[in-house]
Amino acid sequence: MARQERPPGGPDQRGMNRQQVVEVIRNAGQIARIDIAQKTGVSPATVTAITSDLIGAGLIEEVASDEARTSGGRGRPRVALRVRGAAHLVAGVKVSFGTLSLVLIDFEGTTIVEHDAELSGPRLAPDVLSRDILRGLDAITAKIGRVTADISGLGVGLAGTINAPEGFVHWSPSLTERNVQLRDMLEALLPMPVFLDNDANLVAKAEQLFGEARGVSDFIVVTIEQGVGMGIVIDGQIYRGTRGCGAEFGHIKVHLDGALCRCGQRGCLEAYVSDYALLREADVSLPVAAGPSRSERLEALFSAAHAGDHTAETILDRASRMFAMGLANIVNIFDPKLIILSGERMSRDFLYSDDVISAMRDEVVQVDAPPPEVKIHKWGDSMWAKGAAAYAMEGVTELAVRRLAIDA
Amino acid sequence: MARQERPPGGPDQRGMNRQQVVEVIRNAGQIARIDIAQKTGVSPATVTAITSDLIGAGLIEEVASDEARTSGGRGRPRVALRVRGAAHLVAGVKVSFGTLSLVLIDFEGTTIVEHDAELSGPRLAPDVLSRDILRGLDAITAKIGRVTADISGLGVGLAGTINAPEGFVHWSPSLTERNVQLRDMLEALLPMPVFLDNDANLVAKAEQLFGEARGVSDFIVVTIEQGVGMGIVIDGQIYRGTRGCGAEFGHIKVHLDGALCRCGQRGCLEAYVSDYALLREADVSLPVAAGPSRSERLEALFSAAHAGDHTAETILDRASRMFAMGLANIVNIFDPKLIILSGERMSRDFLYSDDVISAMRDEVVQVDAPPPEVKIHKWGDSMWAKGAAAYAMEGVTELAVRRLAIDA
Amino acid sequence: MARQERPPGGPDQRGMNRQQVVEVIRNAGQIARIDIAQKTGVSPATVTAITSDLIGAGLIEEVASDEARTSGGRGRPRVALRVRGAAHLVAGVKVSFGTLSLVLIDFEGTTIVEHDAELSGPRLAPDVLSRDILRGLDAITAKIGRVTADISGLGVGLAGTINAPEGFVHWSPSLTERNVQLRDMLEALLPMPVFLDNDANLVAKAEQLFGEARGVSDFIVVTIEQGVGMGIVIDGQIYRGTRGCGAEFGHIKVHLDGALCRCGQRGCLEAYVSDYALLREADVSLPVAAGPSRSERLEALFSAAHAGDHTAETILDRASRMFAMGLANIVNIFDPKLIILSGERMSRDFLYSDDVISAMRDEVVQVDAPPPEVKIHKWGDSMWAKGAAAYAMEGVTELAVRRLAIDA
Amino acid sequence: MARQERPPGGPDQRGMNRQQVVEVIRNAGQIARIDIAQKTGVSPATVTAITSDLIGAGLIEEVASDEARTSGGRGRPRVALRVRGAAHLVAGVKVSFGTLSLVLIDFEGTTIVEHDAELSGPRLAPDVLSRDILRGLDAITAKIGRVTADISGLGVGLAGTINAPEGFVHWSPSLTERNVQLRDMLEALLPMPVFLDNDANLVAKAEQLFGEARGVSDFIVVTIEQGVGMGIVIDGQIYRGTRGCGAEFGHIKVHLDGALCRCGQRGCLEAYVSDYALLREADVSLPVAAGPSRSERLEALFSAAHAGDHTAETILDRASRMFAMGLANIVNIFDPKLIILSGERMSRDFLYSDDVISAMRDEVVQVDAPPPEVKIHKWGDSMWAKGAAAYAMEGVTELAVRRLAIDA
């Protein structure tokens, strides 16, 4: 995709209205024009003009209203609008430790196919990662008889510190280099626009669109996999900070001169609760933990704790207490309506336990009002990829609407 | 003031435009219509209509443009608009430990008079505090030959956990009771609408309008007086959290099972850096600190540290390190453009020192991009009151514009 | 007493044997010569010679054996020996926070009279303290119709860092000056030899002679009153360290950069468990604790904890955990047979609880052998004074035996 | 060796005198009878009788006095006594991580030969370790044309918790089993009496006999190799505690709920300063540290710190500070005359640095008297073995003297 297609300024008022209308239709599934006007605050006349343009561009289509059909109503059947799923094919990719998770969705947001691929290694040079992603896209499109060039937009999520608006990776555990203009590198190789973000932000996006946060304007997602991450949604928007360095939940300091973190600093939350933090304790004190692979050693730790081994318990217990303290800090700063603990879960029950949530509630500022709701959302790797696709969908929609404006 | 004057829903589009126009004019000092159109994105025709209404209502007035006057220009003199200072008298009050700071500003934002008053005690029943505020307003208006009933709006700032939109105090160190509907109590006693908020938020408002954050949309103010507070501004708006319990900087936990805080919990930042935290250490180990009053004992501590007393130094040094860690946590979560350390300063240099700022920079997530700017803003008690007045000014302007709509 | 009476070198063999014989008799109450020979390993002939000397000097006397009397035995009645109580009057003094506890015992070790006296203040100049002690001795001897000059030796215990063999006080909370040659000052004022030691060592001496450690050669006493202290007995002897600065249990560091101690250092155990440490936490967070006197505030804290107040509980709970950790450190270093927790007890149950002892056992090096026995010994202030008297008794006995040698 | 040769009770007076005489002669190198009498306090007549017996038994021999020879003195040449080196061959073995260090000394204490051998693995079953030791003894004796059966006594030092008087190993990192009656197992396999002790105690013994503590009655040795250990000498005797679980310097707790130790407990000093503690931090944060072997990774860490790498420095710096705190605790408890830091040194300068010693001095109880002297003694693995041999030498001498008594 040519960089110049991404318009320099913000969208104009008409473009914003068109995009809003598409998103209202997509969220609703199908909806009548009059209901669109009501939901958006745009006048019925303008809605009629906009939807006419969108139908002309093939982005939406008219259908007989469900309501009309089911009521077997007399008189003229009501007409509803829906997004044309076939209008665009959108891809989402999550880069994990050694693996890629990919998903394709249509323009309606329906999942078409999922695919997992091996990466060339756990930490890669940017060009190697780019080629791995291309190979993954070739593979997933082949599964449904399409080609990579058919994809209208690609969302990519990876761990690390990322300036999403710039498509710039300050640092990622998946890359061998710092300061990579990764979006541009991907767009130079791939035939579609690319939308890059921190993976926890994409989980927040997924929770907002498909998950536990539908209809909630202010919430926080804490992701738990090998490490911990955070996505902050304020007033419906992902909060990213000035340089893309906000929401660094794993690097909140919870102890002066505390345990050493992978980042080289002391006392980060991650240095107490992430997999490496657990393993470096287990490795010195649990004979059973000296297995060959990380996942086997972790599994041995979890099993030992479950079986009542005191040392294993103390490892998980301290992680739980530190995690609760980290969560309490987030509540003390954001006072959100909702916190979602989001992850594959596996055996990491010690971070999702009632004890953690209860300890967190004990450590927040106490007022005579209910504390934030905490939801636990267990799901697999595909959720990350789906969040990436949802993020790309926003971008694809915006570009499609703009093209409409330019063509007009 | 009758509650019904505060309209139930959000403002309509026209009201929003009018308010925006007033604020653009106030910020500019004086400004031509065409420049208003450009700054607001409102069409010139609409600007003309709006300003006509505002002039009719006495909120703004025409003046000969400075530019025209100074250029001695030929032809028709350009006309500019300015806010009519005399249109409204607005009051701000900061409730401190035993004292009230009051300020009156005109509708242009110019300070007319300041006044300090004694409170009946450091912690008061809500009705006593209300009467103390009324007495303070009577005194400050008397100073300029006006009466309390002339005030169009009152902003009140106090420490504690406050739900500003509801005017509700969950808890404040200045009140003997929890869960006080303080705004309603004040409005029942006073003849003007009242706008209540946490004092650190009002400092943020003051920094935004008159201070170091003019023109910055995303910043954080950390206030340092007897304790530490925080105001968060995101996208130009004060961020308050769901229940008014956000931005609790002093209650971020910095140590598991750490020092006991006044709030009854362990490890809060305040339990390491606030005056009481310093004093409880000084009181057991510094003979010189056993003076009669808190401020004398603090002064003795600061002097001893300055004179190189090892124990005094270690007290301030640990506070500095904990404070730096708290600041780093804020940066790791918000990644703001700007942090303002704001306070009277006095001898609390150990919290403003280069060492603190440098330690904070070492503890934030390291990327190859400049860290947030840190500004130090030293000012006295009147700044708090002025922030309260600024907050009230927003409300007064909104109400004036609405009345205009209703009258129309 | 003239300094020259304290002989420069160690005692000679004969003196040692004589002293040993006196102590065997005193411990036994009464005992036959043949049993003395067996217990001391001294030959019967030598025992006969020694006891003859001691009887001649009036230190011991012959009595009809209890055994002979009770068995109504035929034949020649067996003769036993006992210490002549009237031979010497020995005094013990414990210097506390504002008060003196005094006791007089006879040469048999029987308590004759106890007395409490006010001190001129909590911290005194050495000469003031000396005169207060003289006044106390005058008062206690008057109670039994004697005078201070009748006392053969005085034991003095006070808190602080004391070089007992030198009679030198490095530092004591009871004195306004450091580095005081207190024994010499007292002996210049008083008519008897003075034996000075750290108060916790004297409790160890009391436990060894009258308490829970009779017959135990290696044990540790931990004293709990306003602070914590320790006396170490190795191979029957009090272990004092090179400069009298050993056994500083309260100043073991349990936290790097931890809470500030009265001594000006950070992380001392005392800074977590002593009365001042509890109070400085209670004072900021428990409204009920803001009473007028230390003991009332402490009482309020203990009551609140007992009533289930969460904050009060957390104050005592952390003290308990730190104390257990300190005890575990002592066990990990000394591996003693017995630990005695010794104090007035009052409401300080949180330091004597089963939880503390169990936590301590969890934190010592784990071997498949029983951990040290822990005994709790509750007693009042007079125990300290009695320990001081016991310490003086040793000295008086040694001097009496030497005088015998010189006279011989 | 038959167990019954180790007499049940303590030694009798005559045996004690004989042993004392041998040791005085050995320490002196050579010494006249009259000087022996003076040093031991035994009468000249008794010295003459004892030395006659010892010469008859071949344990000592007469030599012309050095003094006589060098002074070219007139008259009858003075006769001195020296220990007959050939009287006994004594072996010392130190069990390390995968290797054995062996040494043979003669009865004079002169080193004859040293030898290093591989162990079958780092952790061994007791019978495998026993056979490895036998193989090592066969090898070292072969080097000088002798056989294992020629050895009169074997000292064995290994890390762990050891009851030396019982020859019992509660736990050792070198053994796969707990609770091993290792001395008896070794004596069942080997033809000589075996003397077993914790390795740090043997270093203390070596320091006392050959090293920095000659002539010092009260001192503490802190050993630094992969972990830290401690030997305590009080009144000339190694202090071992009741169950052999004393002097556990590495398991002093320095942090409540701190880092996990190999022992399964939290907050042990070892968990901050030992090699494994450094490596588990380096492994997550220093790319260079991910080398293949422990020693290479350690070397990389030390080099990086030396080169100024901030993360490497923080790893060593925290270890230094914790170590200083541990040393201060020892001083606060023992107040010794002398502390010896004893090890191979290598690159572990961060534990021997002036900063450590200075920090330790800042953290001990402050009195106006000089703090304990700290000496640093750098030496290699053979010192451990030599300490083991010295320990065996005491036992061999005692047995030789007893045999003399039995034969008499």
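The chains carry the letters A, B, C and D, assigned in the order they are written, with residues numbered from 1 in each.
As a working rule, a residue touches a chain if its C-beta (ideal position, glycine included) is under 8 Å from a C-beta of that chain, and two chains touch if they have at least 3 such contacts.
All values derive from a computational prediction rather than experimental measurement.
*Asks:* Between chain B and chain D, how many steps is the shortest route if every step has to go to a touching chain?
*Replies:* Between chain B and chain D, the shortest chain-hopping route counts 1.
*Asks:* Contact counts by the stated rule: is the higher one at A-C or B-C?
*Replies:* B-C
*Asks:* Among the chains, which is located farthest from chain D on the basis of C-alpha centroids?
*Replies:* B
*Asks:* Could you work out how far the Cα centre of chain B sits from that of chain C, in whole Å?
*Replies:* 61
*Asks:* Express in whole angstrom the distance between the two chain centres, defined as the mean CA positions of chain C and chain D.
*Replies:* 36
*Asks:* On a C-alpha centroid basis, what's the spacing between chain A and chain C, in Å?
*Replies:* About 69 Å, centre to centre.
*Asks:* Tell me, which residues of chain A touch at least two other chains?
*Replies:* 256-257, 263-264
*Asks:* Within the complex, which stretch of chain A touches chain C?
*Replies:* 256-257
*Asks:* Enumerate the contact residues on chain C facing chain B in the complex.
*Replies:* 257, 259-264, 266, 276, 280-281, 283-285, 310-311, 314-315, 318
*Asks:* Which residues of chain B touch chain A in their complex?
*Replies:* Touching chain A from chain B are residues 161, 170-171, 178-179, 218, 232, 234-235, 239-249, 251-256, 263-265, 267, 321-322, 325, 328-337, 362-369, 372.
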